[in-house]
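Look at the two complexes coming up: subunit A is in both, with subunit B in one and subunit C in the other.
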Partner chain A sequence: MQLELGNILVKDIQFGDKTEFKNGIVYVNKQELMDNIKDDRLAKIEVDIVRPGDDVRICPVKDVLEPRVKVEGGGQVFPGIFGNAEMVGSGKTNVLKGMTVLTVGKIVGFQEGIIDMSGPGAEYTPFSQTINLVILCDKVEGLPQHEHEEAVRLAGLKATRYISEIAKNVTPDETFTFETKPLTEQLSQYPDLPKVAYVYMLQTQGLMHDTYLYGTDVKKILPTFLYPTEVMDGAVISGNCVSACDKNTTYHHLNNPVIADLFARHGKDLNFIGVVVTNENVTLLDKERSSNFTAKLVDSLKVDGVIISEEGFGNPDADLIMNCKKIEALGIKTVLVTDEYAGRDGASQSLADANLLANAVISGGNANAIIELPPMSRVIGYIEASEIIAGGFDGALKKDGSITVEIQAITGATNELGFNRMGALEF
Partner chain B sequence: MVKELEEVVDVPVVHVCTVVPISVTVGANRIDPAVAIPHPLGNPQLNQDEEFALRTSIVEKALKALSTDISEQTVF
Partner chain C sequence: MDLQKVLIITNNPIVKNIDNAEICFVRGDQRQVLYQVLNKVAGGHSLLSHPLAGSIKPEDNPYRSVVLSISITEANLSTLSMLEYCLGKVESGAREGMDSWRLNHLARDFQMIDRELLDNALQSLSGRQV
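Presenting the complex of A and B:
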């Protein structure tokens, strides 16, 4: 399966009479966009544009997405949400690079995130560096939580799809080609190089903790095999922002750095075989079953090593360790990518579970670290949520608008795909 | 808390816990497996009588664990 990604570099987003791409600028007809995403369950939709360096705080953030559109090849981006879950990952896809679509709105639970476009908080989130089309959605009175979450999730996906259409006939500024051959051919392509697979753990624990694969709820799947390019075409979608620091937004999935880095070394010093996606469920039997299937799939791939990325913390640490132990027991090396909840002073046990076989671990940082976020002249959303979101606490919000939170509250701060600037070194 | 109560207050403690491997890792001595992380002692798919029976069985197992002498970490 071969995919050519064509990046169209976005210099700015502006509102205009017609939704189009011209001279590096994405023009958006606000009314037409809102007509495209309207939903009886949403009482209010507002659209804003924020840029790097703006004196703006966005809260509570649900998801961040990147506009991508199929130019050649089967299926549609975000398959299973749009189209008939036709397989994606081949042909050509255009990307509006440098911008995002970002959803915000009244709190669904207590899990959403904060994004600061400037100041100390901006250092912790990648989305302070992108031009963001912010979609604020508020629900109608009395809407149940699950419906609320779904309505906002679909609004983000529909807005992203609407914007992406303007990229279809634009010549990209840069193109990158990725190819994974059918398994038997891929296994024999580079006989002298170590074969490496990627185990992609996805958070699947219910409301605000769910992930979708080709539109299906990942808690209901058994682990399965994907071509890496399927992920680049939106096969994996976030419904998950609990403790926003280490949850993968849809943008993270589309731009998964583990996949990008494995491709960068593919054919040079390793042979990237493919991706095993698995879940993180809420019963012990589910955890055992999924890790058994993951290990069996990895075994059948006959690889030499595996990178395993976790999503979230706490009980998913048990899924991570089960995957590690069961794959290591096959004689296959593992490297784990995770983050830490080591207390505000960093002195506590970092993960809820541990094992001696987990002897190669990459950390995205300590989510319990405290940060002071100074007041911003403008807030998009509802800043009072900072007192109840994960990482926030009673008294977090000061009268002057400044907030004190754990970096756990900042979208993407300790991302466990490595999509951040923080890490940890042991001396 | 499980370990602290046993060490400081010196009373036997049962950890009713869904993810048994975590309970083992943190060092609980008496472990009573629970149903699921969002509902450790219940199961919304059962009717009221069935759920009550399930809950009773978990609590009774915990009481039995409390009164059982052990020499190593034990999952009941």
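Presenting the complex of A and C:
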């Protein structure tokens, strides 16, 4: 399966009479956009534009998406949400690079994220570096949380799809081609290089903890094989609003850095065989079943090693360790990508599970670390949510608008795909 | 729901009247729930749902419901070891301090999220011999 990604570099987003792409600028007809995403369950939709360096705080962020559109090849971006779940991942896809569509909504009283476009908080989120089309959604009175979450999720997807259409006939500024051959061919392509697969764990525990694969709820699937380029075409989308720092937004899925880095080294010092997607469910039986199937699938791929990325923390630590133990038991090396909840002083136990076989672990950082966020002149969303956000605490919001929070509150701060700017230096 | 009888240890007041479930209500926070779970697992009940909530810190959500088997067999040492890790996390979170403002303002949301995770577990266990 071969996919050419064509990046169209976006210099700015502006409101205009017509939704179009011209001279590097995405023009958006606001009313037409709102007509495209209206939903009886949403009482109010507001659309805004924010840019890197703006004195703006956005909170609470629900999802972040990137406009992509199929130019050649089967299916549609976000398959299963749009279209008939036709296979994606081949042909050509254009990307509006440098911008996002970002949804904001208060679904329950806690647990979404903060994005600061400038100041110290901006250092912790990749979305301070993108031009963001912000869609703020308010629900109608009495709407149950399940439906509210779905309405906001669909508003983001529909807005992204609407914007992406303008990219269809634009010549990209840069193109990148990615290819994974059918399994038997891929296995023999680079006989002298170690064969590596990627185990992609997805948060799937229920309301506000869900992820969708080709439109289906991932908690209900058994682990399955994907070509990496399917992920680039939106096969995986986020319905996960919990723990802003280490949830994977849809943008993270589309731009998964584990997949990007494995492709960058493909044919050089490793042979990237493909992706196994698996879930993180509630019962121990589900965890055992999914990790058994993950190990079986990895075994059948005849690889030498796997990268395993976790999503979330606590309960999913058990899935991470089960996957690690069972794959290592097959004689296949594992590298785990996670983050830590090691207390505000960093001295506590980092994960809720551990094993001696988990001896190669990459950390996205300590989510409990405290940060002071200075006041911003403008807030999009609901600043009062910051007191009751994950990582916030009593008195977190000061009278001057500054906030003291754990970096857990910041969208993408300790992302477990490695899509962040945190690192460590050894002296 | 074709659910074999199970035992639910909970401190969540909206967990009640569930078919085929014996509910053991614990007065206290998530730590007390998990220590009760530890007692039951040490006594031979099988742990059916994971003791920690998904991606919500124990000190953020005080409510927790955990599902165990009604039947008793020999105590499972690996489950006890996992519970020890989980209790380690809960205890270290508790040292950071629970936030009374948060608890008072968000009790209903916290209870609803816990109930949602419990319902998912019961749904998944439906039809299983436990």
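We take it that the second predicted complex is superposed on the first by the 420 of 427 C-alpha atoms of A that agree within 3 Å, B and C clash if a C-alpha of one lies under 4 Å from a C-alpha of the other, contacts with A are read in each partner's own complex, and residues count from 1 in each chain.
The criterion applied here is as follows: a residue touches a chain if its C-beta (ideal position, glycine included) is under 8 Å from a C-beta of that chain, and two chains touch if they have at least 3 such contacts.
Here the structure is a predicted model, which means the values were calculated and not measured.
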Review point. Putting subunit B and subunit C on the same copy of subunit A, do they fit or clash?
Key: clash
Check your understanding: Of the two partner chains, subunit B (first) and subunit C (second), which one does A:Phe313 touch, if any: first, second, both, or neither?
Key -> second
Review point. In the superposed arrangement, which partner chain does A:Ala352 touch: subunit B (first), subunit C (second), both, or neither?
Key: both
Practice item. Determine, under the contact definition given at the top, whether A:Arg344 touches first (subunit B), second (subunit C), both, or neither. Key: second
Exercise for review: Considering only the touch criterion stated at the top, classify A:Val108 as touching first (subunit B), second (subunit C), both, or neither.
Suggested key: second
Practice item. In the overlay, work out which of subunit B or subunit C sits against more residues of subunit A. Key: C
Practice item. Return first, second, both or neither, reflecting whether A:Met322 touches subunit B, subunit C, both chains, or no partner chain. Key: first
Check your understanding: Between subunit B (first) and subunit C (second), which, if any, makes contact with A:Pro375: first, second, both or neither?
Key -> neither
Check your understanding: After lining up the shared chain so the two structures overlap, which partner does A:Gly16 touch, if you call subunit B first and subunit C second: first, second, both or neither?
Key -> neither
Study note, to complete from the structure: Residue overlap on subunit A between the subunit B interface and the subunit C interface 205-206, 282-284, 287, 315, 317-318, 352-354
Review point. Given the complex with subunit A, which residues does subunit B contribute to the contact?
Key: 18-22, 25-26, 33, 35-38
Exercise for review: Spell out the part of subunit A that touches subunit C in their complex, as residue ranges.
Suggested key: 108-111, 145, 203, 205-209, 219, 240, 242-243, 246-247, 280-287, 312-318, 341, 343-344, 348-349, 351-354, 368, 387-388, 390, 392-395, 408
Point to revise | Touching residues (chain side subunit A, partner subunit B) in the complex | key: 205-206, 282-284, 287, 315, 317-318, 321-322, 352-355
Check your understanding: Given the complex with subunit A, which residues does subunit C contribute to the contact?
Key -> 47-50, 52-58, 60, 67, 82, 85-86, 88-89, 92-93, 95-97, 99-102, 105-106, 109-110, 112-113, 116-117, 119-121, 124-125, 128
